[in-house]
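Right after this note come the structures.
Note that chain A is present in both complexes that follow, paired respectively with chain B and with chain C.
== the complex of A and B ==
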């Protein structure tokens, strides 16, 4: 080996040594910075004021003509709908359809039914189309109102009454300024009704919903406003629900438009969800309320749970938002007049659109209604957490040292015997090179097998409600039965893997080669591969669903960095307990969730809407935990 | 008898003329600079925006169109480039109208709007082709700028722009260099006498910074780094209806008729940055006339110089006859003088042309004594004839 090569290796050794010294500290620093960064988010200094990015919208710049005569209409509708709410579906639908016909709209209905999560969901959607008089009807806007409010119990009386009066007003007005058709949609059966209607409208059958075809159509839907004003009272504040399926969000311009309209025309206090924190114009709120809003929003996003009927429109590239009437709050109460003018003004703005909403952000967090954190500002913490894991592989596990060709050690030994070797060995002789074999096949196989176990778990959970028929024979609760099966699968998979590793380590010990270092322990390679995989999942997920990525990484980063096989059995079992606690069943039990209900809605959302929360947890998150159980029970050497 | 009296009048006039020339040198110099020297007026009005929310740009352009038409430029001499997607836009609360004021006093789209380049025809290429005259042979006359070296051209542009560029309908943009080169080509091809380039856009003053051809006067709404803002909006139509710079230009121009003696200096002095919310600019270094001698109607209007001849041309090619009785004698006298004095006095005599509509203050004042003398002589003549 030439002198320059030796010098280069020496330099490299120096670098690696210093990195080795600093990286272990750095990765904890990265974790602390990453988590600390998240706590800066609610600060007013971190977020920016929202602004209207799409020039065409021009929110709140028009006079609204929804006035008292429309309020009288709405009041009449309200009284009638309230009296109808105990009657059958058919009677309700006939009433709505009749009123829409009287207003001069084309109407149609749609029956649908589906069996999901052990229940039959069925209903009749009613909808009407107001054809814009001066265009070709290639575009449409949707004004929707579900029969039931978001709690699933209260009838959305005022919401439907307002929607009917607004559409009647739009049709009867002297002005013919609509550039898009307007579809009024009264959905039944919760969010399944919306899904059924959207699938039929776009002729895109995706879930198992059996629905009659739509006999009435309009153009491509540009945006949708969903009204949720439960009960018959007046309201004090307006809640904005915007999170959709799988954490998708509507374009920020839509939210900004509604908020701007509310502030400009009526100065109604705005809430994010039904948080109870009210905001007036230019109010950015305090740290606590912002923190609360962010946590709530991130929770909805992480679960992939649509927070209202609007959440299902996103798949079809339709931006949508739910306006929710909050009964209690400060200040003056508002009623149909304000609801009507807000919707009228918002629709005038949307009417101005020339193309889909696309100018503003699709990835953002809202600490308060008029403050936003864009993707560029919120992504770094998640990436830092993932990077910490990668650093851990490279340096803390001494991938360059223990698991691979140990050139560094070699040089240092070479240095000491320099005079003798230069005399004895001929110049051209290659340097004796000790190799440390890396057995990568087995660890990768372990990773694959545990993910395969994850897929089986997923199918078991998915068929929970079919399985619960069997469990009824044994007389145990359905969810316990599923839990037992899944735990069994996971235990069998891990136990099998652990025993495989242990028997392998015995074999390797026997067949020790000369001229080679002992092979690096399997657990180091397995841990490296797993950490790399976890880091990949987190960084990919942070783009798709930031909130889920953040929650996952906060849970796993510290345990995954620290845990490794220990000589003490007690420590191994302590580690096992932690891993069980952060596994999905553990989290469910700690958080005291109603497991039966939780399973019901995750499975329903997976089956009906395609929520990827359940497959993600079963097929990706749980298997990694299983692999870690294998790691901590692997032989050290 | 009649001839004698006529001869006397001519002699008197010539004497009078010479005596006036002595005292009126300054007026002559002024007259030299203030004369437009143009024989026809053209306007190229360009709105480079489309879409509903750019309503105001179309209203700007149609307002200028109305103004130049009102001041006498006929449709045949106006090249109007307009996206024209506003009046009949379904979003328009008042179909088939365009207003430039929330009061909705005046429908700019009311009657007789002739859009030459419409919709997607408004491109940089078409604009430059119109200016330079390099149009396809089958281009109709209404789509050509048929100007010559005696043409004064108003080029008005509005839209969305930036530092040294102006966007054309979201698809392309024209740079200040393109514009300067197009003007130079026009100059080389003798396609203009003088140009007034007016632009209302963000950072508009940068658009004329590269122009290097002579006889071009430029004005813009805002300097580098400044935006141009809309003036006000109509809350029923739901959009801004006019830009500030154009609004204040129109406020001045609306008070002008074809007889107006207002000069461009008056127009530029009327610009108030605090009202326009930006700093309007004027570039006159390429322009050879002093601005306070240039009538607004030299560019924004077309005031026909009617030249009344004392001679009657016999169309049947026979001998030219002089018929004094059909014309008012003072005019015929003036023309006679022209004939007699020949080419040396040409400059001076043309300044004495009777401007039927155009009232140049300097010219009027210099010819006033001649009128008085001529009138007196005319009175004497009548009296003398009647006495006989």
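== the complex of A and C ==
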């Protein structure tokens, strides 16, 4: 063996040794860096200015012709709709359909009903199609307005009135520039109505909604704008709602287009959601408001909750956005004239599209309307948090692998083979093979059993509203009953596993191990397997739903790194309390959420829209907590 | 008949409780999923599981054309061997349940043969020296053959591949049968099944060499010349293969099937995404370079056969393992079914696991890939927020994972042998000059 090779070996060994020494400390640093990094996000220095990536859009470059005569129309519609708001569904629909017909559109209606989370949701959607004069109608744009505003109580009077006047204007105009069909859609019954309409439009039934088929149809929908202008007053600012189902986002170009149009032609202050922080053109805002915007946005994303009717379009590869009218705020107010020109100008831009919106980002965070953080900039902290867990495993692996010392000691006592001096070895190295058996069957079984328990919990929670009928017999609140069942399942699963581990460790102690090191304790293997699994969930999830991944890793990383069976019973119980607090029921109780309401919307969104928040929490997050309870109560040796 | 051959003939795994439970549960899982869920349709459309050359949907298409007297390869959708047409036409006359049953039984048969192969391997290595840690009270600790079948049957990749009704299962069955009969010194059957595997999906051609190695390993004992033995094996192989081709010709009455099956495998006209390396590369390829790179890619798959067979000539079963791994990574239309086959051979050499250095890494890579590849495919095709690079990136990771596993097991096998023959060097690290 040459000298350089020996030198290289020595260097390598030194590196491995120092890595082993530093990695356990490094993981806390990683956590701190990861969390600290998240706090840099709102800073103005970290984000970049948004830009229009799709050159065909040309936002704000056209003259808008929506003017006072259209505003008079809109005012008339508004007064009529307001007087209708107490009447039955059918009368409202008849009015809308009549007005659309008068304007010269083809119209149709759709009845739907569905039973979800113990309630019947039903309604009638109305929609009309304006055929484009310049093409054969293979592509379409949607202008939608729900009957109820996002609070679910106020009628979206101005939104519908504006939509009607805009479509009437689009139809009557002498300018034949539309190269895409325009669909006006007035939905009923909240988001279920939108879902029903989209399912029928695409002939793709995904939920249990019973809906009549659509008698009128147009081409592939390219984009959708949803108007939410509650009440009849005028507005001070324009709110942008863009988070969709399961945290999906529209193409950034769509948001940029709307914002550019607002600023360039009308200088209306913009808000992200209804935050109360207003932005004028080129305003990047201060740290606090950006922080608030990000947190709010990430919360919506994490819950997978669509922030408006637009959120359901994403499932069909349609980019969509909700424009919301904020009543209070500083400065000048705006009215139909501005709403109309914004929508007109935006539609003119979208009309220019030659292909589906694809240029700009689909993964981003918006600290303020004109600043963005792209996936490349926001993903590293989440990955750092996951890597911290993996480093912890390599530390754990070190515990149950062989260390060089015991390998050499054993070999010289058992084999009677001395590292002979005639061999030109640099120094004796650890054996190339492991002497300690790794028994992974039980730990993996524990992981599988806990997830099985998680699936049962999911089915219990899913059928919460059926079960609450039973609980009514006993006279307890429905959610308490579900809570009791789920807690029981968790307790039985963990208790069973703990006792299995304990009896196993007794057995291992009794049997003597000939010629071998005793296998490492089960909890170490179980912990490394669980940590690996958690790291995998976090890193995979961060690609689908970054916000949920970040929240989960912030909650679990520290407890999961620190917890292990302790000799002191008190510490074990303290650990247990922390685990109970970070389990889903614990979090719900601490945050003082109305559990009944929470269950109602999560179950409804799961059943109707396919929101995966509930299955994720029950089938993946909860079981990991259960496994950790097993870990802290496993025998140490 | 020689003594060795006689001895090998008598080796059978005895059914015990573990075996019965494993096979019973494996059967039940598959049967229930086949009968009472629509998972077959979902899996049957996943690009990771079925490829253009193994898809059951495409087989149905070919069958329909064949039934109606249209040449089955005319549509350009069907790329599977003509014998499938005959077999599945026969099955279609029988009750519907027989198709899932065929798949289940084929899978169970593979598992049973794997148990037998393990048993034979343990018998062949009986007098081979071992390192002390493998001994338990003076006797070597061996893996229970039924555990090997269990690891195959409960491998999620196997279950998914079986449920997707991918016809790759029959290639895998032929490979395992070929290995089994070769190990038993049954020249004729061994060569027949390897020829069958070649006939079904071409790449198993490279397994001829390890099979011949297995068949000739005991030749000296029988007093025959090795060359003659090799010639007769090769002759048998070519004979069987020609027979199968002629049979196919008689079946479909034209030679079109050569172009539509082997032509497709070699020339890659169908660029449907899969977990391999070819599709993305050849989408991007300029036409004038295409043929050159096709040759390079295909040669690359075959280039490993000779060195591996020479290095491990004393462990032909291990060569089968390595070569099926290489096929699973470098063939033109790989799927997870290919990986399930070579992963099934790994536990037979369970003694090398303790030498493997990247177990943790490879396990993680497999887990990440199985979660991320559907996610990325979804982001690309359905959500529209990702693109083809996402999915290709994950197939690259999958390939790297497979290669690390193969390299690691090769290292382990060599190092273990080195340790056995050089006990005094066990404490040395090995480095390349």
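Rule of thumb we're sticking to: the second predicted complex is superposed on the first by the 583 of 637 C-alpha atoms of A that agree within 3 Å, B and C clash if a C-alpha of one lies under 4 Å from a C-alpha of the other, contacts with A are read in each partner's own complex, and residues count from 1 in each chain.
By definition in this document, a residue touches a chain if its C-beta (ideal position, glycine included) is under 8 Å from a C-beta of that chain, and two chains touch if they have at least 3 such contacts.
Predicted model only: the values in this text are computed from it and were never measured.
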First, second, both or neither for A:536, with chain B first and chain C second: second
Which of chain B and chain C A:49 touches, first, second, both or neither: neither
Contacts of A:591 with chain B and chain C, given as first, second, both or neither: neither
Which superposed partner A:86 touches (first chain B, second chain C, both, neither): neither
Contacts of A:503 with chain B and chain C, given as first, second, both or neither: neither
Dominant toucher of chain A (residue count), chain B or chain C: C
Which of chain B and chain C A:569 touches, first, second, both or neither: neither
Interfacial residue positions of chain A with respect to chain B in the complex: 55-56, 58, 61-63, 132-135, 175-179, 348, 351-352, 354
Residues on chain A engaged by chain C in the complex (per definition of touch): 1-2, 5, 8-9, 248-249, 314, 317, 356, 358, 362-363, 393, 397, 408, 411, 414-415, 417, 419-420, 423, 425-426, 428-435, 514-516, 532, 536, 539-540, 543-544
Partner chain A, residues of chain C touching it in the complex: 131-133, 135-137, 354-355, 360, 364, 367-368, 371-372, 375-376, 379, 382-386, 415-416, 419, 423-433
Parts of chain B lying in touch with chain A, wherever the complex brings them together: 51-53, 89-93, 95, 233, 235-236, 238-239
